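We just call them A, B, C and D in the order they show up, numbering each chain from 1.
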Amino acid sequence: MSEQHDRIKQAIAEISPPLLAMDEDAVTRLAEEVVAARRIVLFGMGRELLQLKAFGMRLVHHGLDAHIAGEVTALPVTQGDLVIISIGPGDLDMHRAMAGLARKAGARLVVLTAQPLAAIPKMADAVVVIPAQTMADDSGSDALLPMGTVYEIALLIYLDLVAVKLRELTGQTLDQIRARHSNLE
Amino acid sequence: MSEQHDRIKQAIAEISPPLLAMDEDAVTRLAEEVVAARRIVLFGMGRELLQLKAFGMRLVHHGLDAHIAGEVTALPVTQGDLVIISIGPGDLDMHRAMAGLARKAGARLVVLTAQPLAAIPKMADAVVVIPAQTMADDSGSDALLPMGTVYEIALLIYLDLVAVKLRELTGQTLDQIRARHSNLE
Amino acid sequence: MSEQHDRIKQAIAEISPPLLAMDEDAVTRLAEEVVAARRIVLFGMGRELLQLKAFGMRLVHHGLDAHIAGEVTALPVTQGDLVIISIGPGDLDMHRAMAGLARKAGARLVVLTAQPLAAIPKMADAVVVIPAQTMADDSGSDALLPMGTVYEIALLIYLDLVAVKLRELTGQTLDQIRARHSNLE
Amino acid sequence: MSEQHDRIKQAIAEISPPLLAMDEDAVTRLAEEVVAARRIVLFGMGRELLQLKAFGMRLVHHGLDAHIAGEVTALPVTQGDLVIISIGPGDLDMHRAMAGLARKAGARLVVLTAQPLAAIPKMADAVVVIPAQTMADDSGSDALLPMGTVYEIALLIYLDLVAVKLRELTGQTLDQIRARHSNLE
């Protein structure tokens, strides 16, 4: 067994448990939130934002009115709209400001986090817990994947399963999804 | 007169002539292209891209289906759609590839440039010339504003005048435009 | 005189006064702040962010350690570093959160604004006032350029004059600046 | 067993094989390329770009001079620099243009792909193969994860293992890595 082979196995062994420990309806619940919303706006920072963007791309592939907060083409939110914030460590100032703005705007707020008892999840209408290591609890960890890496990878995989569920809920074919992929590449 | 005062005057004196030398219907023409399009996708690089993004924000403020090429929420283009490329210096490889993609997709292509005889404007259905200094012809220049700065500032002002015309063509009030401004700030 | 010609003149007539009304040392002062800093991080939102990014590009062209807050390659700040925030209207939640983070980190904070008496300028070590219309005071305005457009264009021109001053303060030639321009376009 | 539980297992079962089928030195090889380079610039589009950005953030956390092509703070490349392109499907016009620019600039070019026989890998100095489904070969697939999803997730995991190796090669502690994380969140 090579070191690389071992480490791939180890990485998978670190990513799987938090996914398997999520609430059994976590995938369906977020997919239903998304389908029920008039417009969806995603917010996060750093590597979590990148995974939200990967999800945002799938949302527009499904014909949904989805936006990344702060991008120039993002539209405002109000009642009937959904803001999704990912804040693995549970509380950071920029995310707290955004959560407040979402509430003030009357939008529904779903928070994805590893720290459900922290301040920002408490502001949410619904919380999705991904019980993985983040920078809130990584000190002294002997995991192979450092800092919030496991949360971030688990977030991507979770959101991709939400996208699969979305296709089912909206009754679309893969060809319909594919046809909304950018052709300017 | 302070140095700062002189330089502001000098900057204005460098920005105004290329704007005033543009075709007399340049503002109306682009506004009409935009209104006639089903979807608008903007492409550029560097500081020109930033000014296209400023325009893209105004397009969505007017309720138009506008996108920045390469952003995760950008949708594909086809016949009936409009791709706008700004390429001040007239020819760079990435812009040429994008112009080719726009044509292949069957979209209408408008190119903004200071070098209308260069390769990429020749690929366009319509060309808007902003006759300002860019990195294609800045060597030896004794202008105060270096490199492509004058082109970039003129581009922003020109596109903001297109936005004013758009409001007229679409018969919207400022309140309607303002209501589409992001409220997550 | 065509309508377009008139409007270009009108736009210039709206952009010039706020620039000419700025403090006489505003350009030199920001250039000196930038040169004195170990690292510079820029923050803003919407169209103001785009103009800060245009400035950020010029900062790296001058060999400075400059970053856009929130971009993946942005490094942390501490004492000796400079955070520059543009907040035309003077107070928005995300900007206030960022101003607080900059202070908490021990960085020096410079705020660019049209509303120097608002909350965020009060948090700053230094304030640069661009006395132009923004979304804080645009209702009922009969200016040609709507919302915060004049502030944004004036911001770009001001920052480009700061860049000119930077070249002088750092004693670099245009060729040295140009050599740091991206060649992957 | 819930549907969600099954699908998480299925997703993991689709992601693992391409990772385990990679060349046994793929992680070490890219880490060594990165350490040997003076500057690293990353290019991709869509969801692949997002994973490259996640890697780019880790590169700067390790104190490396890393950039994302097209971002305003990106510096030029020349001999001694490294350009890394991810192009799962092996050939798209924008990526081909960028590969050509990297070569023209004299930089070393590493291509990550699922299609090593395609045009762009052939332009590279070194190729890393992630043998996963992409949009080049997804039609008719009965995989749970659609389009290029498996490639993208595998790319993230692979690059995070490269980051682990980088920490070893550069002899840094986790505290040193963590200290370079942005504190403006």
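In the analysis below, a residue touches a chain if its C-beta (ideal position, glycine included) is under 8 Å from a C-beta of that chain, and two chains touch if they have at least 3 such contacts.
Since the model is a prediction, treat every value here as computed from it, not as a measurement.
Any chain bridging chain B and chain D, meaning touching each of them, is among A, C; the list is complete. Between chain A and chain B, two chains of identical sequence, the interface residue sets overlap for the most part, with shared numbers making up over half of the total.
In terms of C-beta pairs in contact, B-C outnumbers the other of B-C and A-C. Between chain A and chain C the centroid-to-centroid distance comes to 32 Å (mean Cα coordinates, whole Å). If each chain is reduced to the centroid of its CA atoms, chain B and chain C end up 21 Å from each other. Taken residue by residue, chain D touches two or more other chains at 45-47, 50, 53-54, 57, 70, 72, 93-94, 98, 101, 181-182, 184-185, whereas all remaining positions touch fewer. The part of chain A that touches chain C in the complex is made up of residues 45-47, 49-50, 70, 72, 93-94, 96-98, 100-101. For chain C in complex with chain B, the residues that touch the partner chain are 2, 4-5, 7-9, 11-12, 15-16, 19-20, 22, 24-28, 45-47, 50-51, 53-54, 57, 92-95, 135, 144-147, 149, 152-153, 156-157, 160-161, 163-164, 167, 174, 177-178, 181-182, 184-185. Contacts from chain C toward chain D in the complex involve residues 41, 43, 53-54, 56-57, 60, 66-78, 83, 98, 101-102, 105, 179-185.
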